[in-house]
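Submitted below is the structure of interest, expressed as structure tokens.
Chain IDs A, B, C, D and E follow the sequence of writing; residue 1 opens each chain.
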Amino acid sequence: MLSVAVFLPLFGALVLLFVPEAQRRAVRAIALVFLSLSALAVLLIAIGFHAGQGLQFVEDVPWMPALHVNYFLAVDGLSLVMLGLTALLGLIAAIAAHGITERTKLFFILFLLLQTALLGIFCAEDLILFMFFFDVMLIPMYFMIGIWGSGRREYSAVKFLIYTIIGSVVMLIGILALYFHTGQQTFSIPELARLVASRRLPVVWEDWIFLAIVAGFLIKLGIVPLHTWLPDAYVDAPIPASLILAGVMSKVGAYGLLRVSQYLLPSAAQHFAALLAVLGVITIVYGALAATAQHDFKKLVAFSSVSHMGFVLLGIAAGTQLAITGAIFEMVSHGLVVGMLFLLVGVIYERTHTRELSRFGGMYASLGSGGGILGFAAMANLGLPALSGFIGEFFVLAGAFTVFRTEVFWAILGIVLIAGYNLWMLQKILMGPEREEWKGLPAINGRELVTLVPLMALCVLLGLFPNSIIHVLHLPVQQLVAHLGGQ
Amino acid sequence: MDWPLVVFVALAVGILFGAYRVATAQVVTHAALYLAFVLSLVAGMFYLLQADFVAAVQLLVYAGGVMTVIIFAIMLSELSEIRAQAPQNVLQRLMSPYFGILPLLVGLLVFAVIMVAVLRVPWPVAPQAAPADTVTLIGNGLFQTYALPFEVASVLLLGAMVGAIVLTRREGSDR
Amino acid sequence: MVGYAWIVPALPLAAYILHVFVGRRLKERAAYFGVVAMGLASVLGVTILVQAAGGASAHVSVPWLQIGRYSVPMGFTVDPLSAVTMAMVTVVSWMIEIYSLGYMHNDPDFNRFFANVNLFVAGMLTAVIADNFLLFFMAWEIMGLCSYLLICHWYRDSSNARAATKAFLVTRIGDVGLLAGIWWIFSITHSFQFSQLAPALHAAALAPAALTAIALLVFLGPVGKSAQIPLQIWLPDAMAGPTPISALIHAATMVAVGVYLVARTYPIFQLAPGALVWIGYIGAITAFMAASIACVQTDIKKVLAYSTISQLGYMMLGMGVAGSMVAGMFHLISHAFFKGLLFLAAGSIIHAVETQEMHRMGGLFRKMKATSITFIIGALALAGIPPFSGYFSKDPILSAAAASPYPLMFWLGVLGAFLTAYYMTRACLLTFFGKPRDQHVYEHAHESPAVMTVPLWVLAVPAALLGLFAAGAFRSFLAPGYVPPSGGPAASALTLALPLLGVLVGALIYGGGRTAFRVAAIRALRPLYVFLKQKWYFDQLGLALMYIALGVAWIVAAFDRYVVDGIVNGLGALAGLLGRATRTLADGSAQAYMLTLLLAVAVGLIALQLIGG
Amino acid sequence: MPVDFGSVGPEIVLAGTGMLLILLSAFVAKERQRPLAYVGILGILVALALSWADSGATGTALAGMVRLDPISTFFRVTFLAAALVVALTGLDFVQSRGVSVGEFYALLLLATTGAILMALAWDIVMLYIGLELLSVLSYVLAGFFREDPKSNEAGIKYFLNGALASAVLLFGLSMVYGLTGTTSIPGIAAGLGRAVQGPMAPVALLALGFILGALAFKVAAVPFHLWAPDTYEGAPTPFAGFLAAVSEGAGMAAIIRIVFTGMAPLSSSFGVWIAVLAALTMTVGNVTALWQTNFKRLMAYSSVAQVGYILVGLAVVTREGISSVLFYLFAYLFMTLGVFAVIAALSVQGQGEDIADYAGLGQRNPWMAGLLTLFMASLVGIPTTAGFMAKLGLISASVSGGYTWLALFLAVNSAISVGYYWNVVRNMWLRPSPEGAVPARRATSAAAGLGLAVAAVGVLVIGLLPNTFYVFAHWASFIPGH
Amino acid sequence: MTGVPLVDFLVVAGLLFAIGLWTALRRTNAIMILMGIELMLNAVNLNLVAFSRYMPGDAMRGMVFALFVLTVAAAEAAVGLAIIILVVRRRGVVDVNKVNLLRG
């Protein structure tokens, strides 16, 4: 069942190969059909999922016996949550891809391939399979940024590719070193976790391996020293690609931290926890400050995303039950919020063909309910309670308070700054006297609403009833915390 | 009088002088002649080492065959400027890697390294018992132990011949 | 009925949802549903108050979130404090919603206005009855959002937008301090329930410095929300919003919720006496400072705004020195009524004369009888003239201040009271009496319709009589067995005399036609006048901080674009340069290749010989 | 005792077909020589079948000249597979240049025989003769297009450097013969074992130096690589592919045969040297490739860089190292030959060989562009392609062998390689095609199509289901003495 | 043959090899380079025959190896000269450095 959910989009891509380029509508329809089928499969998995038990829907088939590598897919609470987010954002990005008019067939083939890789990575339980999906998602994203992007798209695309490839190869070396030093002849994560629980690796080696593995994830997460590719890639990618890039791919880094480096190398994780926390906080403040100084709306959203990822890293580094749950919740909520923001960037760009904040003003009336939605998204982005953003940030910092008090105080400065640029953005776009050039803009239309309303609904739902997700996360986070020896 | 030593010295001096002339001869044909001279002296050396069959083959194949091929090549290439270019000024010669110091340096370097290695090793002074009949010995070797290399060598020669012909035959497209 | 307290906030929430989904079609008729809902909520609120007075109380909580071994329940609690406040809020909000029907009539964004008001009231009521810090903070932020949305109700004027952003940001600074306090407490007590916090903190036997730090962090929230020093700069600008909003949010309820928080978590503050002293001083200074600035304001709403800051200062002073939250809370309740009344009256004046500048008013008494009388009742209550409620709520605070070991607090309080009386008299004289200074304004003036004047009269009743009847009952209801400290007869004499003196001085300067004297007085106090006019230069301080933040942001962005990116591109270029060098190696001549080949062999041979096997 | 040539059946078939083609091409007119190519391809297939049939046989044959063991079967299969792909994809290209197809294929087959014999050689004379058969015919093939000045230049440069290198190799071999008195590789290993303890050590090291230098030339390791770019660019494209896959593979086979087996006693010294050579080759190959404008020249530097990666496997003198090298060679042949096949197919349709000419290919010829993207992704080492699995094998061998710094070198280099590999891909998909670009593709011939398919399937199958090939490489990597 | 020790032969062969190397590198005329290479091959043959004569072990192998070297040298020379003539005829120059169309 799990493989069906993961490989349905790929099957769709193959089907699309034989659809002639001309029928643009047919191409879109087929892509949407396969994406919704895959989303349906994820839904069925979610329904059949029992919160209490560990790994479920296990599919463990030997793939490369000579290298002791298995095709091992399984779902636990954490994977389920991420699968849900990926399936949802995938569907919404596909709907939002109406802006892609030339070479749509190629776009959707790449998009479906990307979707498969993303679904796959969140339920890969074998390190090499994890690496496999980690690299596969590079190519489609490279082409999406390169072909359909804007601005310095080629530069950003190559920068994205090189950054991530370095990260992935260094991580591969780390994983192989881990494999050789455990001497357990296996790459499966649960198996290695059992080993780590029983006895520790020699510390010297573990630190080095940990750094190698974490480097790859920090690049993907866009943590400050390694983040330079992120704003360029987010800004120059077309809207659907930015949506997936910011909404899901950055979460792969965080998921990797939770699933691989913290879980399998706990003593090194504790050893570097302080460093990761400091990096997290720097990212929060750095991202927020950089966002405040941006003139381009999309770049502002990109840097805001960097800043939010800082929260996630701080939560993971803190290693307490609360902080990690908060971090996972923040990952999900950020996916929804940044999704909305990028869609709105698209909505405004399609009408005004510019992203310069200084040229906007008084668009509340002309945007119709779009103005309200932008307000909602901005409020969710700055972590207004009763919306999912608040729960994530609140529990990350509540959890981290016991462990990293000074870092939390710096993060608080970040929260004020985040509020600052979000409101500044609202003020620049919606308020002030209505400009001549934006009079008579078409109000937000049905299709755009179809993409935005589910995200808004989920935001409120998660904000008011966070337990729906957190009860599923209970077991995986507890295992991780037990590993880290925290409380 | 230790005849073999005298003959060896004579041959050695001849070979080395000839080789030196090949390297520095201004005219290509002179160089070719010196080369032929060196080859035949080497055949003498082989004879000195009781490898009479090899000496014979050397004379026939090398001195005869290869030399004629080289002479033909020189003639065929209708060299307008038979003489090598006039040497540019000394500084230019020194500086340019092709004419100047570098080839000499590399040659000396290689020679020095070989000598350092060879001279440190206690090589036997006296030769082994001379084999009665080198020809039968080589014959057996060629057709028993080295049968496969022999066949492959023949294929090689065939291939080389075909290749040479293919490359240089006059075709309608040539002038 | 006490168990159904959750219905009270649910009603305005329902109204909000109706406005959002159905409002556009129903146009102004949708507001009627809102008013009816508010009415029901008020009735329910008052009955709950009555039942609570009879000793009933309720605490209902339902599990909301389970993370690991921490369980976070959500629920509401009805006790004397929440019952009283809820009653006050429901009544005041009801009156203001009725008033708004008239005030906001044929405003293009009528529906959005009422939606936000209802959401705000729902938020306020949830905060009042919340039984844990998390729900309280959520409601607290929802109110911040509504205040933001309502301040920039007329968003087309970008100055409103700036005021709204300023309000939200400044309060956000306070909120973040409160958040830090909540996390700190949670890290010790592992619970958000108000009831469990104080005992758990006490049990944890923290160092006094830590306890004071926690208390002050929590207090940072009210400093932001209730506009205390130094975070008070946003309230005067918040007057950009429609006047009913100024009444509801920036006078009666939202700004008071900070004080309510201090009251709700008073046991924590009692654990940290040092913090109480801080609160006392901040309250006193804010009271005096705001009162002084109010004296020079020409815009009637600004006067009332600074007056609100000043009264909030008094409430905080009460909290700080009175040893119990009763004094502060009583002043909060009474202030909500008479300040709400004053703002609504000011609103009806503005509605009538289309200007907020007192210098263009004058002699309106004859034209707007009802509004003037109610305004004057409110002014007298505010000034603390007996028998109006202001005196009864302010007197215990000042006498407690006198009894406290900090004389400065008392003198600041008393001087504040004098200034309060002075500027209210000045305001009344300038607007209602004397010659009308702007003929056009005078002709245009007319009494507001009944839908606006009725709420004025309804609010005038408690403004006048609450002190007389409810003072004693209120104290015993909220804190049975609490003996308020009394500062001795001299202190109570002063609290009585100074307001009267203030009225006298005000009348002297602004009464009758003695303009010459007024001009001389102003010229004499010129430097003081300029200093007060500049609002003690706080605004400039705020702007400076903002520019610093923007500067740092710009530096960081530039750093990111040039330095960090520069390094990365540099590495790329380095690889390129290296490539260019090795490329020249292959310059095309076979001779050079052969030479390099043999040179490499030679070097290899030498290395092997030297280093060897 | 009669000499049984049975054990070299495949080589005889191959050489026989080659000679038959020489005969036939003399009679058939140049224009109608296409069927001769099919004869050649048939010959390769028969040889492939034969070599697969007797893959089980082990032991020396032909008086110790040849050793049939797993590694020789591996090289046989690899070289024949490469020859097959080159033959298939090169047909249109050679024919379009109006050159005698029969002779080209004849020389190609004979050269492949030489390469296989080098891999099978158990005697340094046999190895030398095999090497010379491969090299001499390669000089001819490099210069085969007589009218094309670039081909002439490629021929002469390859000849001069090659002849020099073979002289250097010979000198080394003569020293080895001098020390050990025998030419059979096991004999040499034993002889050197004695010599290294005794006073003969310096000469042994001298011999090692000469031999390593010559073989480094053959595989085009830096700094012996300068001939490669010019030869690849000048030579006919299919032959350039042949050079990258077969000739280089043969060089690796020679290194494994002589250095690893023959000069095993010196193994402590050459491990480090090969590691240094590997690092140097990788870096220079990748970095210089960044600046290339001609696609074939870029592929030359790419193959130099790939040799650098393979040498990493050799530097780790363990069985995993050798097996990762064999796996990499097998995987590498499909990627490189795929790229050269695409270049050949496109230049038959009139497209230039500069990277700029490939601009906008994505629109003009999506299938060809897609294939080229797949091959490029494999060369970079992106998953689902053979390149990723090959690099995975190499990295795990080097990490387990303790050469972690080499693995990191490999990581940095694969990042640099993205720069130029992906530059081509970027050109194809992201840039509009220039005005005078070739119109939409004319159908490529069945042979070229089949060749491309074999290469593409090879890359994907090894990428997705590498297990059987790992087992094959591991089984083949058994070398006496390790 | 009593007088001449093996090492003398090796020295002569080494020197001949070095001179051949020097010629090959020094000359720009392709044919001259070829002659240099022939000299190097002769040095190798000298080595081989000398070793087969002086060193214990199977003397025949050395001589046979020398014979093979001879034949291969012949084949190589033939092909080499063919290519050189082709280049001369096409480009009219035998100077190797002028032949640098391919570079970079």
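A few notes on this one:
Here, a residue touches a chain if its C-beta (ideal position, glycine included) is under 8 Å from a C-beta of that chain, and two chains touch if they have at least 3 such contacts.
Quick caveat: nothing in here was measured; it's all calculated off a predicted structure.
With contact taken as defined at the outset, chain A and chain B are each touched by C, D. Comparing chain C-alpha centroids with the centroid of the full set of protein C-alpha atoms picks out A as the closest.
Of all chains, the one whose CA centroid is most distant from that of chain C is B. If you average the CA atoms of chain B and of chain E, the two centres end up 5 Å from each other. Rounded to whole angstrom, the centroid-to-centroid distance between chain A and chain C, based on C-alpha atoms, equals 37 Å.
Taking the mean of the C-alpha atoms as each chain's centre, chain B and chain C sit 103 Å apart. Averaged C-alpha coordinates give centres for chain C and chain E that are 98 Å from one another. Along chain E, residues 10, 17, 20-21, 24-25, 28, 33-34, 52, 55-56, 61, 64, 68, 72, 75-76, 79, 82-84, 86, 96-97, 99-104 each make contact with two or more other chains. Listed for chain C are residues 572, 583, 586, 588-592, 594-595, 598-599, 601, 605, 609, each touching two or more other chains. Shared interface positions of chain D, defined as residues touching 2 or more other chains, are 125, 129, 132, 136, 139-140, 143, 146, 155-157, 160, 164, 168, 202, 205-206, 209, 229-230, 291, 419. Of all possible chain pairings, those that touch are A-C, A-D, B-C, B-D, B-E, C-D, C-E, D-E. Residues 64-70, 134, 137-139, 141-142, 145, 148-149, 152, 155-158, 160-162, 164-165, 168-169, 172-173, 176-177, 179-180, 182-184, 186-187, 549-550, 552-554, 556-558, 560, 564-565, 568, 572 of chain C touch chain A in their complex. Within the complex formed with chain C, the residues of chain D that make contact are 156-157, 160-161, 164-165, 168, 196, 201-202, 204-206, 208-210, 212-214, 216-217, 223-224, 226-227, 229-230, 266, 268-269, 273, 283-284, 287-291, 416, 419. In the complex of the two chains, the chain B residues touching chain E come out as 2, 4-5, 8, 12, 15-16, 19-20, 22-23, 28, 31-32, 35, 38-39, 42, 45-46, 48-51, 53-54, 57-58, 61-62, 65-66, 69-70, 72-74, 76-79, 84-85, 98-99, 102-104, 106-108, 110-111, 114-115, 118-119, 123-128, 130-131, 134, 137-138, 140-142, 145-146, 149, 153, 156-157, 159-161, 163-165, 167-168, 174.
Looking at the complex, you find that chain E touches chain B at residues 1-12, 14-23, 25-29, 31-32, 34-36, 38-39, 42, 45-46, 49-50, 52-56, 59-61, 63-64, 66-68, 70-79, 81-86, 88-89, 94-95, 97.
Against chain C, in their complex, chain E makes its touches with residues 21, 24-25, 28, 33, 96-97, 99-104.
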